[in-house]
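Next come two complexes, and both contain subunit A; in the first it sits with subunit B, in the second with subunit C.
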Partner chain A sequence: MSLDADGNASPAAASDGLVISRGGMAALVDVLVRRGFTVVGPTVRDGAIVLAELRSADELPYGRGVELEAGRYRLRERSDGAAFANSAGPQSWKAFLHPSRVREWSADRVGDEVVFTADQVTPPRYAFLGVRPCDLRAIAVQDRVLTGGVYRDPVYEGRRSGALLIVVECTEPGATCFCVSMGTGPAASPGYDLVMTEVVDEDGHHFWARSGSPEGAEILAELPGHPADPETQETARAGVAAAADRMGRTLPEADLRELMAGTLDAPRWDDVAGRCLTCGNCTMVCPTCFCTTTEDITDLTGDHAERWRLWDSCFDLDFSQLHGGPVRASSRSRYRQWMTHKLGTWYDQFGSSGCVGCGRCIVWCPVGIDITEEAAALHDWTRSGAPESAPESP
Partner chain B sequence: MSAVAPPLPYRVADAWDETADTRSIELVPAGRELPPFSPGQFAMIYAFGVGAVPISASALRGRHGGLVHTVRAVGAVSTALCRLRSGDTAGLSGPYGTGWDLEAAVGHDVLVIAGGIGLAPLRPVVHAVLDRPAAYGRLVILVGARTPADLVYRDEIESWRGPARVEVTVDRPGQGWRGAVGVVTTFLDHLDLRPDRTSALVCGPEVMMRHTARDLVARGLVPHRVQVSLERNMHCATGHCGHCQLGPLLLCRDGPVVGYDRVAQLLLVREL
Partner chain C sequence: MVTHLRAATEPGPATDPRPTLAVWKFASCDGCQLTLLDCEDELLGLTERVRIDHFLEMTPAEGADGERARLAGRGPYDLSLVEGSITTAEDAERIQHVRRISRYLVTIGACATAGGIQALRNFTDVDEFLDAVYAQPEYIGTLETSTPISAHVPVDFELRGCPIDRRQLLEVITAHLAGRRPQISSHSVCFECKRRGTTCITVAHGTPCLGPVTHAGCGAICPAFGRGCYGCFGPMSKPNLRSMVAQLRHDGMSERDIQRVFRTFNAASPEYAPVPDLAAEGQHSSRA
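Our next item is the complex of A and B:
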């Protein structure tokens, strides 16, 4: 059962879902908090829309949009008051599911022995409010990487298994977005517990909410609203469809895996290496980049040691360190590793692309390197009579 | 609850020098024991407070019944491991990765080619083949090292002569070296290879493996019958840290032992 705008019980939102107002959004956060979730969603902080714990829906970025370009991110006011008419910010959900810093275990010298102790942690139960479709796919990609193989990462699994995903479809793509090229948006694919589409029109500010899981349906049933009318549904669908036509970027229409594998010797890698600072920003903001390093520390007694796991970046010189030096010493090889992994070898390793088209790597690159532009340049090279990609001689 | 499994404590039963910078340590479980290792598989060995590194087992059953690993002191962790003495404790996890595919070599001549400490992951192969002589054809062991002083397992290598054909060469002979000088592939011309029924297992510096595998294929071996054991930086060994990529491969998961057919092209790309 759900309650209508007057708080009266109404037939539960069937397959058509429920239309809720800003008040309904406030109720949603309250319901989630009451159910024990740690609610995380977008909010304005430090001149950006970041993901942070929300105590109420008032903290959502109502009336804030973003202006994005390569190497540029600016907030701007929106007169329509929309909360979700802004594309990806600097963080992604991996900050919560695959934290940047985790203590894995500790070890203590006790007499002649060493005792290892696992770090038993009960993770919070997250409700992610405002997951964009591209980021929903990014979560699915990390699911496969971190829990889809022979070994499952217990840290990720523990945080992921209890997480409630509330997707908001995209109606306002940014200039750096290319989810259509990657087939990840702007409409939501399955995998969510709840999905919403934000509608601001002459009838007001609404969210068309549908459930995608039994738990999502239960939560929906607790919200004040009215069963979705055809007009609202149509406006919502039209908004999402229009977003698909307003992508700021595209990737070349080519088999990207083949393109990457076939251009390892392209001169374009030298060109991009001349611009790339190897700072690793792209890997930090990427919602699928998962690489980590380990840090082993001891206390002053020397008898207590800890193993920590930290996000790492393939742009770091130490990343490929072997005795004798790094395998990938040049910035050319490190940019190539990142991009060919993201768009190419990820398929071989994990069965999908590693890119979801969110555009974060473009926005947060300090020199504005654009993965879509680089891919296009490689594609052009193959079509302009590139030498048969003969491997370099040893 | 979710917790990353820590390594298991293993006690150093014995530790000894192999060369000036290389030691072997035999580890026995201090409590719970890891599942059995196959030849070519590796462990992550943790030195208290310093870190862990991937090391392939160099013997699956040492004199004390433990796992033997041979470690060259090249970094902070390996140096710490080389300082371990009998009675010390290390952390061990594993077994990880693909091992040498010895089943595929049944009925074949087995050609073991090692460069330097690359003999370590191959030594369990030699033991396995010597244990089941009827299952295989001829056993040929080619060992190369930079100098005579860099040869590991010198006495044991001598003990393999007889059941196996053994050839040893060094790049830079010192005084008193009466053996062969040069790269290990020079032996290939004098082996009476039967390419259609030979399995080759190769481990050494990457450039040595590349040349050796290429020469073997040039002599008629099918590329997938040439196995190499590759090395990359590794932090987790469980396919999650991303450090051990070689193009499409995660070497902790798809390796370290791979068929040359899968990596021939990859090994030709600089800095891949």
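Our next item is the complex of A and C:
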């Protein structure tokens, strides 16, 4: 049962969902905290909308939007007070599910023996508030990569299995967004516990909330609100549909896997290599990039050792360091590796695209390299006189 | 690396199994040596594992008969940490001696690794400076250039920074003791910003930042406090300076500003050599 705005019990979690106000959003965070969740959501910090632990819904970025371009991110005020009319923040949920630094085990010399201790920290139970549809799909991609095969990553699995996902559909795409091209948004696909659509109109500021899991339904039933009326549903659906028509970017309408495989020798790779700093930012902000490196450390006594796992990047020269040197020494080969994996060979490896169209790699590249622009240039090359069969290149 | 360490107990007291450590100063400010003393919590533990045999920064001056030994050291030493660059004919000889009496030689800091801020002389006429600064320039004995240690003797490992990072110094020493490779990454500072969750100040605020071409190791301190990286760890592996210079221009830096930001502690790094030309050639173009 739930209470409406007047505190009256109302039948909630009906299939049409519930309409909640800003007060309902505050109640949602309170309910989540009371249920023992560590609530993580968007909030303003250091001039950006970052993801951080929320203690109350007051910390949500009400009235803050963003202006996005390649290599540029700026906060701006929004007169409508919307909390979720923004995109492509500097982090993604992988910062919580697949942390940048993890100690995997430690070892101690005890007498003549070495005793290993696996790090088994019980992760907090996260509730992610404000997952965008593209990011929901990114989590699904990382699910397949990190838990879908023979070797399951216990760190990711431990954090992911208890996580509650509250999606907010997208009504305000950024200039760098291309989820429509990737088929990942702006409407939510299944996989969430709760989904909401933010509506700001003459009737006020509301969220149309629906559940997608039994736990989501339980939580919804604790929120004050009223059963979703057809008008609100209609406005919400229209907002999401309109967002689909306002994507800032698109990828070429081509088989991207074929495009990547067929353009390995395109001169465009030299062009982008001239601009690429190989700084690794694109991979670090990408919600699906998952690569890590391992560092073994010892202490001064020599009796204690630890193994740490850190985010790594295919732009790091050490990433492909083998006997005799790095396999991908040129920036051309490193950028090409990243993009062809993301858009092409990811299908072969994991059965889907590695790109969800969130646009973070475009925004957070310091020199504004745009994966959609690079893909378009490669596509143009194939249509305008690319050699029939390009020779293999290293 | 391990084998020569284990052999290192001689010629110290036969009863002392600890490898020996020496710390050397050339043209420098002592800041990197001080980083060793800054290892307050680890310092006692360190002295249990190594015998610090030569470290003028922390030992009293020796007597008159020890004067030469005081400056040059007797050795041999298992691990020598070398701070500073070579700026005098005497130091050019002394580093040969230090190399001869050191089994493993690690340079610490921008001076020893790249020539330091004093390498600004490499770009100009030193005699003119001497005439301008000193009343009696004939008393000054100095070389025309400030050069890194690696320009004079083989170096086993170079630790970056102005000053070096305390944790990285401990890592180099600890790795040496364990006979393993130090975990010192040569990628960009951006890795460190992203791993610690710092929002990119270039993208979010338009702040010029050398992070994308700068060697990691500091932990990305400056961007975490809203300040652009100024490259005190020197260039990362294979930096793209052409693109970096174009971006700095895009973020509002003039040709002169761009030249100056690379002319600091690592001014003489060979990777930075193209910067003046790049800064000049791009005067009338900007990022697409």
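In the analysis below, the second predicted complex is superposed on the first by the 390 of 394 C-alpha atoms of A that agree within 3 Å, B and C clash if a C-alpha of one lies under 4 Å from a C-alpha of the other, contacts with A are read in each partner's own complex, and residues count from 1 in each chain.
Throughout what follows, a residue touches a chain if its C-beta (ideal position, glycine included) is under 8 Å from a C-beta of that chain, and two chains touch if they have at least 3 such contacts.
The structure displayed is predicted, hence computed values, not measured ones.
Residue contacts after overlaying the shared chain place A:D296 against subunit B and subunit C alike. Looking at the shared chain after the overlay, A:Y73 reaches subunit C, while subunit B stays out of its contact range.
Look at A:D255: by the touch rule set out above, it reaches neither subunit B nor subunit C.
When the two complexes are overlaid on their common chain A, residue A:L317 makes contact with subunit C while staying clear of subunit B.
Applying the stated contact rule after C-alpha superposition, one finds that A:R109 touches subunit B and leaves subunit C untouched.
Of the two partner chains, neither subunit B nor subunit C is touched by A:D201. Judged by the touch definition given at the top, the superposed model places A:N281 against subunit C, while subunit B stays out of reach. In the superposed model, B is the one of subunit B and subunit C that contacts more residues of subunit A. Contacts of A:A48 after superposition: subunit C is touched, whereas subunit B is not reached. Subunit A residues in contact with subunit B (one complex) as well as with subunit C (other complex) are 296-298, 302, 329. Per the touch definition, subunit B reaches subunit A in the complex via residues 1-9, 30, 46, 48-52, 72, 74-75, 78, 87, 89, 91, 207, 210-211, 231-233, 235-236, 238-243, 245, 247-250, 253, 265, 267-272. Listing the residues of subunit A that touch subunit B in their complex gives 102, 104-107, 109, 112-123, 145-146, 149-151, 153-155, 157-159, 261, 264-265, 290-294, 296-298, 302, 305, 307, 309, 312, 314, 319-324, 327-330, 332-333, 337, 340-341, 345, 348-349, 391-394. Within the complex formed with subunit C, the residues of subunit A that make contact are 45-48, 50, 71-75, 90-91, 95, 100-101, 274-281, 284-285, 295-302, 310-311, 313, 315-318, 329, 331, 363-368.
The touching residues of subunit C, when paired with subunit A in their complex, are 42, 45-46, 48-49, 170-171, 173-175, 177-178, 180, 183, 185-188, 190-191, 194-200, 202-206, 209, 211-213, 226, 237-240, 242-244, 246-247, 287.
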